[in-house]
Amino acid sequence: MDFAPDARTTELTEQVRTFLHERVLPAEPVLDAQLAAAPEAWTFRPVVDELRSAARAQGLWNLFLPAGGPTAPYGAGLTNLQYAPLAELTGWSTRLAPVAFNCAAPDTGNMELLAHFGTPEQRERWLAPLLDARIRSAFSMTEPDVASSDATQIGTRIRRDGDDLVISGRKWWSTGAMSPDAQLLIVMGKTDPDAPRHRQQSMVLVPRDTPGVTIVRPLTVFGYDDRDHGGHAEIVFDDVRVPASSMLGGAGEGFALAQARLGPGRIHHCMRAIGTAERALALAGERARSRVAFGRPLADQGVVREWVANARVELESLRLLVLKTAWLMDTVGNRAAMTEIQAIKIAVPRAVQTILDRVIQIFGAAGVSGDQPLAEMFAGARSLRLADGPDEVHLSSLGKAQLRAPR
Amino acid sequence: MDFAPDARTTELTEQVRTFLHERVLPAEPVLDAQLAAAPEAWTFRPVVDELRSAARAQGLWNLFLPAGGPTAPYGAGLTNLQYAPLAELTGWSTRLAPVAFNCAAPDTGNMELLAHFGTPEQRERWLAPLLDARIRSAFSMTEPDVASSDATQIGTRIRRDGDDLVISGRKWWSTGAMSPDAQLLIVMGKTDPDAPRHRQQSMVLVPRDTPGVTIVRPLTVFGYDDRDHGGHAEIVFDDVRVPASSMLGGAGEGFALAQARLGPGRIHHCMRAIGTAERALALAGERARSRVAFGRPLADQGVVREWVANARVELESLRLLVLKTAWLMDTVGNRAAMTEIQAIKIAVPRAVQTILDRVIQIFGAAGVSGDQPLAEMFAGARSLRLADGPDEVHLSSLGKAQLRAPR
Amino acid sequence: MDFAPDARTTELTEQVRTFLHERVLPAEPVLDAQLAAAPEAWTFRPVVDELRSAARAQGLWNLFLPAGGPTAPYGAGLTNLQYAPLAELTGWSTRLAPVAFNCAAPDTGNMELLAHFGTPEQRERWLAPLLDARIRSAFSMTEPDVASSDATQIGTRIRRDGDDLVISGRKWWSTGAMSPDAQLLIVMGKTDPDAPRHRQQSMVLVPRDTPGVTIVRPLTVFGYDDRDHGGHAEIVFDDVRVPASSMLGGAGEGFALAQARLGPGRIHHCMRAIGTAERALALAGERARSRVAFGRPLADQGVVREWVANARVELESLRLLVLKTAWLMDTVGNRAAMTEIQAIKIAVPRAVQTILDRVIQIFGAAGVSGDQPLAEMFAGARSLRLADGPDEVHLSSLGKAQLRAPR
Amino acid sequence: MDFAPDARTTELTEQVRTFLHERVLPAEPVLDAQLAAAPEAWTFRPVVDELRSAARAQGLWNLFLPAGGPTAPYGAGLTNLQYAPLAELTGWSTRLAPVAFNCAAPDTGNMELLAHFGTPEQRERWLAPLLDARIRSAFSMTEPDVASSDATQIGTRIRRDGDDLVISGRKWWSTGAMSPDAQLLIVMGKTDPDAPRHRQQSMVLVPRDTPGVTIVRPLTVFGYDDRDHGGHAEIVFDDVRVPASSMLGGAGEGFALAQARLGPGRIHHCMRAIGTAERALALAGERARSRVAFGRPLADQGVVREWVANARVELESLRLLVLKTAWLMDTVGNRAAMTEIQAIKIAVPRAVQTILDRVIQIFGAAGVSGDQPLAEMFAGARSLRLADGPDEVHLSSLGKAQLRAPR
């Protein structure tokens, strides 16, 4: 249980921090200007390419791919524990930093899936361009008609027809899929509704331009369409036909693949959320020192101090819990880290939501506006409490496990 | 302390409820379609005019203007207590219902100010068309550069120059002012920075098309631009010259006018917020009965039941507190109701925010999307915690008063 | 929905308030001294008799017994709404005030049961001396072996044997029953375990000195044994034989009787709890004005102000909810007021617990000690969250009802 | 930042765990019986001596004294990080386990002070018997008349008179001092009220039987008098005269000594509190599995699961924060660990209080009674939020530091 950053982590952290402050944060207003100039586009804006080139030139690329196992050849060779503080730093600018380092969801999880379970042909066709950021991808699991955290309810069907797989169903929240850059859709559906509960599902690699794929509409998160990175799409799959070789892993392995994808994803999400909260606190400090009300700076007011103190306590303890989870995943594997993976998924987003709510309050009306990044951060943190299943599913599962009789 | 609805209130409540369910709620998708058809406009869409005509034909018009005193000639002649349940019903659809009955902020507060403090000429020029909904108006008090809840910090200056007043300053969150329909801006500024603390400010009636008035840009609230009712504008006043007769009330009365404006406004805001929460709970019920997860409808799950029970308890107790406040305002006046006015301002929006947060959670990802009204409701409730000064200002003031030695 | 105190309520409130401040509060140290002088006794101390005589002489006696129906002949003839503010005042000193006015649980509920359901003989034997405070009584429902909020689980058996009823079982939390003054035990047990769910239980009047009744031991609440009013007893009933005429109401009516007993009891509990919180706030004010830390009185510190403001908001809104509940009980009956009765049972004790927790914090270590009444108040409020079933049972029931489809 | 238990810690943890389950927990009912047999005594009961002998025979003795520096010769030679999990285990039975291992407050802090700052004579006279548990000690800092967290307000005066020091003042919450075993009182007072703020105070070693020392009375905590380990005394020092050589450290060093005492004390308190919560959760599990309400065990009810899940998340994250704090103290010293020491002092007791509150709720009325250890645990956790200064002092200080401009 040694969480201390080693030499490589320390070095990379400094490199990423410098890049963040010198390149990424100054690029935010550039992004805003480019968004205003092409308000209709769903693709990345030019500034992203510049950041990517710069980051890649410094070796800050594909940092997220774990050191051991099948992902080893492709990434920077970091453990989850080594990557965690880097992910935290990218949370300071979730619109630009993750994508600058080619460490943005959902590509990250999709690349992991391809590295772990893809055939050589699948890796050649999809993993290689993703690693180069030449294309993007989306992950189509959630469905509008069912509580998708309960995988047994998934309605999309994948049936074998000769050498083909034929997919029918409706998905939504396929993040990034509004953009034509997202050439690959990884689609979860049922191949065998009569199999045991967790052997009914499979995953298929579907090119976005396959006949029968209809991008129905974009969704919004609060009032944001997240247009700068491909938005969130509702997609209909209407007898979409792909070769049988497009299945990822074996038939019936979809649930297991989805679970495998979750562990590292939660580390990333949680560390980024912590980074987001840290930036909010830094902003809160500036504001509280400079803003005067009723004769005193906000920083001198007891309630503001108490909020900030509580935020610090929360972040310090939760960061340690995420680091421990990363360390467990590195040393004993995702399965043995299940309690911790659930714990951080529950605890971090809600803590960050509360912190952001209070920082917004410190900023007054500016806090809910587009002049500060806080409201958009809030929308992101709020959404995390629903992504990969609502908090309550995980609380219930964790509580149930805790209440089992000790062996 | 009799809160029971009298015969007239009961009748009007039924009328408004019917109108809400038969006309307003079905008009929401129409509004969405009209918004999509003219995405650039900041004005009301055609559906609003239809609703207004229908409501006015039924006598459901200007219901908010209090029965007694200077407002008596203009409105429906209801007391605050009589109007409160009607305001609650309009909270079910804040985008359409308040405006349908010509009961939408900021026009409501502005009409009250004009009725109370306007000269006959001012009432003729501005109040009359507002009562007819021929024009709209905005209220320019908040400034980007200072904590505006502390009125002594207001930076806008109003100086006398011969027969004119000359206004210079920067305002924001002038709701509605993006629309050219908002022909009137009521502007708060300092006429005498050396006067006693609460006698420095004055209010001036400024036509939006006066030279020197620049509508700088729209602001967003959690990504929403509230374009359908004129958005929220940042406005620069650069040596804006209006006749001295444009002052509302006397010089130095601006603070007192602002305070007078607040009391009824808080009743309205709070009752609407309670109505919003009631609609959210109704939606939550439908969802929880129909949505199945892990073999049971959400409505059978203990945590969901507990949320809904807590919401019911909160709403029942807070509604009574708002009604009591309305009753106090009707019987002993705004000043004597100060504790209660502060109390509802603090308690209602945060309770409604919590309720909405949980209903979003019940809806899963649909809850944060535009498919449900919840996220936009949340943005509204969240903003209320900042409007008219952040909660903390009111908590501090109320706590200070409570801690004074008893006489 | 008229909660305003009428003339009689106003007069009685003043009378009770005066009695509270002039007689009851000064008697608290006298009680402490008398407790110290006779530490072993479980009976009321002499000061209680003095207070009772004084109160009765002023007509402040049996105020709790509702005006209408079978209780009318016995009490002061007040409605629940009229009694509520008096009950609140008694909450300032729960150790002395309720008993001074012969308005202390569990006698209150027991007297109501006897008035409503007792035969003339039962009323003669038990109600008369209770009304005179010549004896006391206890209520034996809760059992150590089962979750007693689920009445179907009650283990005590009452079987008919000729002209007798024979009772066997184990009860606890029979408040007051450590004292020999509690001559009457009202015992709930099952007469017919095979009857429908809510027709299995009956209530029997059992003299405390009946053979087979064993007072096993006193229980404590936190570290308090509540010795000054008879403590809380565990009691074994071992083939306790009473005449069949000792049944209260009919066989199978025990559950209905218990429910009938709850409604008014909750009004009393909740109003007293609000009174307790008001006293705590009054104490907090004195402390916060006089105690200086780090150069300023606590009353000038933002966090303390915020606590007090929140307490005021909570108490104002919850008091209204209790008054509405009382008014509903008076006008439409307990059954129609079910939602509100549950709501106050849930909301008031937990709000008061939170308020007391914060007032303790304002007092520092003195707050948890016996030098202030706060810790004992806290123990009382904490226990209310378990009395008559834990909060969660009521939350679940209320939530379930709310989630039912609207008719 | 390596928190993993090393071989010695693992071994000791197993040894302590075994001792806890085989010796300490079974001794709790023995203690209760011995308390009942001699209800007046303030001294340790015989069972404590038996446990001490057994523990000492196993080398489980004085485990708390840090390995490095002046304390090295006296204890088991553990670092704070090594001791932390042992302290956690003692929290399962705070009445018996800490004292069994001679690791109970306030002796622990007093022994540290003596080891660090005592002269050879002072160590000979007081430290040696304390290390052997032949005597006990108390720490007299808190005063009834001032907010003692603000050391500048301390009223006790220590004046030099020839070769003597003369002490006058009133102290309370001198834990353990009701017992004559507490032969040593360490008294904090002002030697120079005109010195700089934190140089006014000194500490003096005062034998409890010195003339002028009056043990006034015991204090209670939520009704508990903690009689089994010497209670909490109010003490008057009336011109108490001791030789000048009784001063601990130099004149004016009292504040610094008090600060030095706090760091390790907080680790101990927090780890014990975590252990207390773990025991409560273990009890909750047993209860929830066996207790049935409304047809299902409590363990199957969603709300109970959610409570337990949240408790687990909190404990996992807070334990890591305490371990990090211990590690910082070991590696960079108390001063550099100030933020973390404050953070755990704030976060752990309140989290444990909430957990205990919910476990009590799971137990129903049994939870507040003496049949379960929960209510007494609650009283302990609640008190921790006041010990060494109320939470708010630490929140304010931590928040202020956080809001300082970054260098």
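As written, the chain order gives the labels A, B, C and D, with residue 1 at the start of each chain.
Assume a residue touches a chain if its C-beta (ideal position, glycine included) is under 8 Å from a C-beta of that chain, and two chains touch if they have at least 3 such contacts.
Remember, predicted model here, so these are calculated numbers, not experimental data.
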| item | value |
| --- | --- |
| Each chain counted as touching chain A and chain C at once | B, D |
| Farthest chain relative to chain A (centres taken as mean CA coordinates) | C |
| Pair of chains joined by more contacts [C-beta pairs], B-D or C-D | C-D |
| Euclidean distance of C-alpha centroids - chain C vs chain D, Å | 37 |
| Centroid distance [mean C-alpha coordinates] between chain C and chain B, Å | 44 |
| Approximate Å spacing (C-alpha centroids) for the pair chain B, chain D | 53 |
| Residues of chain B touching at least two other chains | 301-304, 306, 392, 395-396 |
| In the complex, chain B residues that touch chain D | 301-304, 306 |
| Residue numbers on chain C that touch chain B, as the complex places them | 1-5, 281-282, 285, 288-289, 299, 302, 304-314, 316-318, 320-321, 324, 339-340, 342-343, 346-347, 392, 394-400, 402-406 |
| Residues of chain B touching chain A in the complex | 142, 144, 146-150, 153, 172-173, 219-225, 291-294, 298, 301, 303, 357, 360-361, 364-371, 375-376, 378-379, 382-383, 385-387, 390-393, 395-396 |
